[in-house]
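Listed below are the structures to be examined.
One chain, chain A, appears in both complexes that follow, with chain B as partner in the first and chain C in the second.
This part shows the complex of A and B:
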């Protein structure tokens, strides 16, 4: 009877790995070993998540490890492994590694549970577990007062939106008498149902920095170490999109007007994110706004309530997260200001060309992961008749090329930043970046079978 | 008869809860704010009692009114260097008030339009034993995950409060 629970092995493993990393002091080699162990355990969890297959509703119908969850869980665990590998090589700025790795793994465990959540209570608690460590990672440098202030702001805003979300959930429970997604009966609930769903979504909107709720992101990211941003801006987003797909699927049939709400939020995010990113000179701010824009693209596919749209959105979060994390990791090595990347191509040609691959993937140029992701995002919105949204998406993608290519220009034709010390070689960190570059190409090349598994119709 | 008594008790407790919240927001002294919060919490505990949720009422009073309020007073006591620091100006924001009114009106209108189609309520309120049983059977998964959330909070608190050499 318990044999079915093997499907949760990745989550158990990753939480166990978090404990090992937390007590990394006792390992030989201490801090660095803790990070290596974290990376190895997360990688194993990713393999198990991919190999573990799928199942129907489990644990009293509270979780459902379906195909979308399988893809998202694999992505979360793999990206966590990548991040931990980089941290093992370069370390956290001014602080030790093992607490950061442990916290990241707790967040990954919560995120993986979140992707399977089929119940409001499980969703809430998993969301908390996946965001709680993020507050610490954002303020990881204990002596950096502005950074701590940014982390505190992030914490207060995230908590506020969590409370709003709980308030909305209380309405949903009051209407349907159950917290299970499958039993949410909102038909004929009128304004109260819409309000409950809206308030619940506000929590998710804010955590994924969608447009009217994005204002915390640029400030919080700009105050945090780039390596923390690399994790916080990518991994929780995968989980968030997966659970949003589940929640929307459960309520979209009963609550009218969700398509419009999602489409408006998507449009606002794309416009605001891309236009605000244009003048930024700090790479963390730039990527924060680029993250807002990408949330907009993702919501475009979530809006029409089709399984193809949900599959496309989950595919694209991973296709977005890999290059986005890698770019922030390079920023953590070289410095977060755009001018810090000056002449990177002559100093570190491999890193510079990898950056080009990631940036081009974010713009959405074939044959990279981002192109196929965007293609199916736009396709699913188009088949739902949201033509204006798709036109806006294509136009803002062109705008986005403006600021992504500014980074490229800086790397190849910018001025060498004065007085920089040569970067110490860190083979494992370089390995992590190389894997990210290969993955960006591989996800693009392997897009067809992956998307087919996610239920996205091809052709 | 019981309806009327319940109604009067509800009015008093709900009024007290709202009064505490308003008092907390409008007082200039952070220590007074902590006490207003305590008052509001106790009133909410009374509301739970009115719904025959004895366990929730007791836990609410013990944890929120007891532990959390005392914790806040301790935090204030340990972080305030001078007595004057405990007095802050009250910021009156017109935009905030308008937003609160709009939000309140929206919620009120939504609930009013929904009417009294509340879900079927059980004859008797489940007791503490039933709650415990549910918590460790049906809701075991979120219950255990909650312990991980608390652990993360603990690790975070230690991380930020400990001063040590690397």
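This part shows the complex of A and C:
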């Protein structure tokens, strides 16, 4: 247990690690060392976040490191460590590693702060801090025109939704006279209160790529290097869900209609994400739409304002993020087109079988992390009476099996892509992937104690 | 009666439907705006019939409201109130709006963004209709601001060109000066009464602390002066003529600029409680009427003449209200809306035919544009105040109000303004329609342009006779013109026309007024420079501001950036291992973008940029849908 301000040690470590990575030139071994240092620091931060325990409101009530935050911070730091480890092994395409690792760690620091935010201003700043580096990561190959275009689109659309969010926050402040979540007094504020909350949520909807605010994601992902997508499509989502849980918990009692807004966005995301993913032949695009769909599942649990639902959602983001990141990392090694994965099973049986584990987890088959995650999501929505949403969720899950299995089919029965050079062995990267595969199983097996801790968090 | 709420909603829906469409689709379904305004017109007629025969002042035929929010324990409502004055305004807006939309089909048919033009025009109509239907000052203010936005968008419609862009900014910023006053006035009103509703505000206006009524009234007046282009906030209106002519007809002649007059008329109890505010209103009005009139007399651009004329006529309306003749002011608002929009539409045809806006390059148009000549003539005579055209009747009522109110000095000044008005009307007429033709291939406008003008001309010719009925409808005693005033004003108008004919109508002196100008010398110079208003603002506000901004920028460049750069060079030394310290990625994005521009070529870039805008439109559309849902559910 860390007491007092020591509880923020993981964030301080992560940011410090980012600076060390940025000036990795000065370290022996240079670029690669920078990535190793980043991975080690992030791993240490994850351990500290997990062991650090929880506390009540701190810093004048602006942040609250509670159970949800603890779980999400651990997840963010651990995934960042995993990602940095892989980068240490394989590197960034055509560019140096150290800036990428530093950017990822800045984003992770912002994300970790975001999970604790108990104040509109802190939330906004943390959100920007966690997204700003992501724009750069998405356009990381500076001579790659389509990639830069995707990044620019991401930037422009994210800015638009950020502005909408600020606009909504101004209403919330205007009504309550305070920016603190605890002091948002929206009761009886009528339409204006709902409007303010809705506009504030729009910023988060977009960052979570929920339909119909997801337009940036497929274009930006398809243009960006797969390794950047691996980070940007996963880690910020954990933070986003955590802060959404906080915000909704703070306001849902006072303003009506949020259930419907969340449920409609959830339904739209599940439908659009899963259907649009079906015809994709680019793995990045496919995973972009899969991300939209998963956001839909997550929102299903956030909709009813129950502590079980919030816990389930935060748990499932991590359960989704691990396999999703790992799949993109494999795509970064093999190529992003589905045909690039042809006969992967005969070339790299271990990688192919790990892919199977991740994909199956995303579909939601026991005993993997995804199964329990979805079980709790659907369960919490069901107990809140959102039957139609659950039915839709189950049906679209079945649809999703279609496109995930296309990947599996390609790996086992597809044609070997012509003219590929044998991949250089990179033990560190393989280690990262192995950890991801084990974690996918372990989170599934250890689901109930984790959820028991989370389920009471926001009671 | 709930259909009253549909009157502003129909054009708003048209806007909501048109906006998210692609440009091609929008252009194809541009008739949607027309249909919606047509629907609003039909409903306005029904509303008018429901109010008929009127006569009850301050009594509503229909009212309804929905709460939108509760702030600090007080409900904020969106409410509509249908009373005689609102019913008349509804008709004016929808009739002129309809005429302008039909006319625009012909006038704008070759513009590639015509769909967007109709969308904004519809939004404007919706806002103006909401403004006159509002039952509280907050909603009025909201509609007021939406109109300001539409005005900005339409003035800057051809934003590829420098002048419209600048004019749109000038209009927006100048009216903003007034709006700040308006907003403070509203805040003061709310602090005093705790409500924005007309009824609640007016009920206790007698018990307000001394000075509060005056303060609120004057602050509202500042808002009205900005919107209605009263001296000294009038400078934006002539520049606003850079927008499409039919938009000028609707917004900058008939409706939006009259909103200030409407505001003062609505808030009249506050002005009456103050007393001194009424006098100030009158002084502002008469000053504007004279200043606008004399500047109009030296303008060469036909639209600028009409713009200054609008300023001057709006001043007339303020004079009327200030003198206690609110009914006369409102009647002039109505007649002016019809004849001035008619004049603008006519000017549009003239500009299309002559391919210039400079009256010195026109002449002899009457032979080639028969319809325009006749309809424009009706409008011109109305503006000059010649019986039986509408302007005569309303101007007569205003002068009569001044006469019975014993404001004799103002009466003389107003008569002087009327004289100048008649003079510049004659000047315009003889320069444009008589004399030798200076351009070839003069063509009359399309049918869809002529028909609305004919309709407006008929209204202009006939509506004056409703003067007594108008007063009765609004709950006041009506009367026919007083022989003394009517005779006097006709004499003044004819004298002005005669002077105009003498200077510009006789063949011998046409195009040669130099001797006159030389003799007038300094005075002419002052007038031609628009009495130095624009120059004063330029030298004492804009230039110092730009100077300050420039120096702050330089400070930023030198000191702040210097510090940053210095730190960067320090790092350069430190990181000797690397050739230079750069934020690789940010550089990369910038360089990459430049490379992208070079490599991708024009077409590709256009598609890509367009896509982001489409996405943004989708996102905003989704937000709006959610908002609509919240409102529908809340209501």
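A few remarks follow.
Going forward, the second predicted complex is superposed on the first by the 452 of 459 C-alpha atoms of A that agree within 3 Å, B and C clash if a C-alpha of one lies under 4 Å from a C-alpha of the other, contacts with A are read in each partner's own complex, and residues count from 1 in each chain.
Just so we're on the same page, contacts are C-beta pairs under 8 Å (C-beta built on N, C-alpha and C of every residue); 3 or more make two chains touch, one makes a residue touch a chain.
Model, not experiment: these values are computed from the prediction.
On the superposed chain A, the positions of chain B and chain C overlap enough to count as a clash. In the superposed model, A:128 lies in contact with chain B only, and not with chain C. Once chain A of one complex is fitted onto chain A of the other, the partner contacts of A:106 are limited to chain B, with no touch recorded for chain C. Contacts of A:174 after superposition on the shared chain: both chain B and chain C are touched.
Residue contacts after overlaying the shared chain place A:144 against chain C, while chain B stays out of touching range. By the document's definition of touching, both partners, chain B and chain C, reach A:95.
Look at A:192: by the touch rule set out above, it reaches both chain B and chain C.
With both structures placed on the common chain, the touch criterion links A:136 to chain B and to chain C.
In the superposition on chain A, contact is made by A:63 with chain B only, not with chain C.
With the contact threshold set out at the top, residues 95-96, 99, 103, 136, 139, 142, 148, 174-175, 189-192, 194-195 of chain A are in contact with chain B in one structure and with chain C in the other. Chain C contributes residues 67-71, 75-76, 575, 577-578, 583-589, 591-593, 595-596, 599-600, 608, 611-612, 615-616, 618-620, 622-623, 626-627, 629-631, 633-634 to its touches with chain A in the complex. Here chain B touches chain A in the complex through residues 106-107, 109-111, 113-114, 118-120, 138-139, 141-142, 145-146, 148-149, 151-153, 155-156, 159-160, 166, going by the rule given at the top. Looking at the complex, you find that chain A touches chain B at residues 15, 22, 59-60, 62-63, 95-96, 99, 102-103, 106, 109-110, 113, 119, 121-122, 125-126, 128-129, 132-133, 135-136, 139, 142, 148, 171, 174-177, 189-192, 194-195. Note for the complex: chain A touches chain C at residues 23, 25-26, 30, 95-96, 99, 103, 136-137, 139-145, 148-149, 151-153, 156-157, 160-161, 164, 174-175, 188-195, 198-199, 202, 206, 212-213, 215-216, 219, 257, 260-261.
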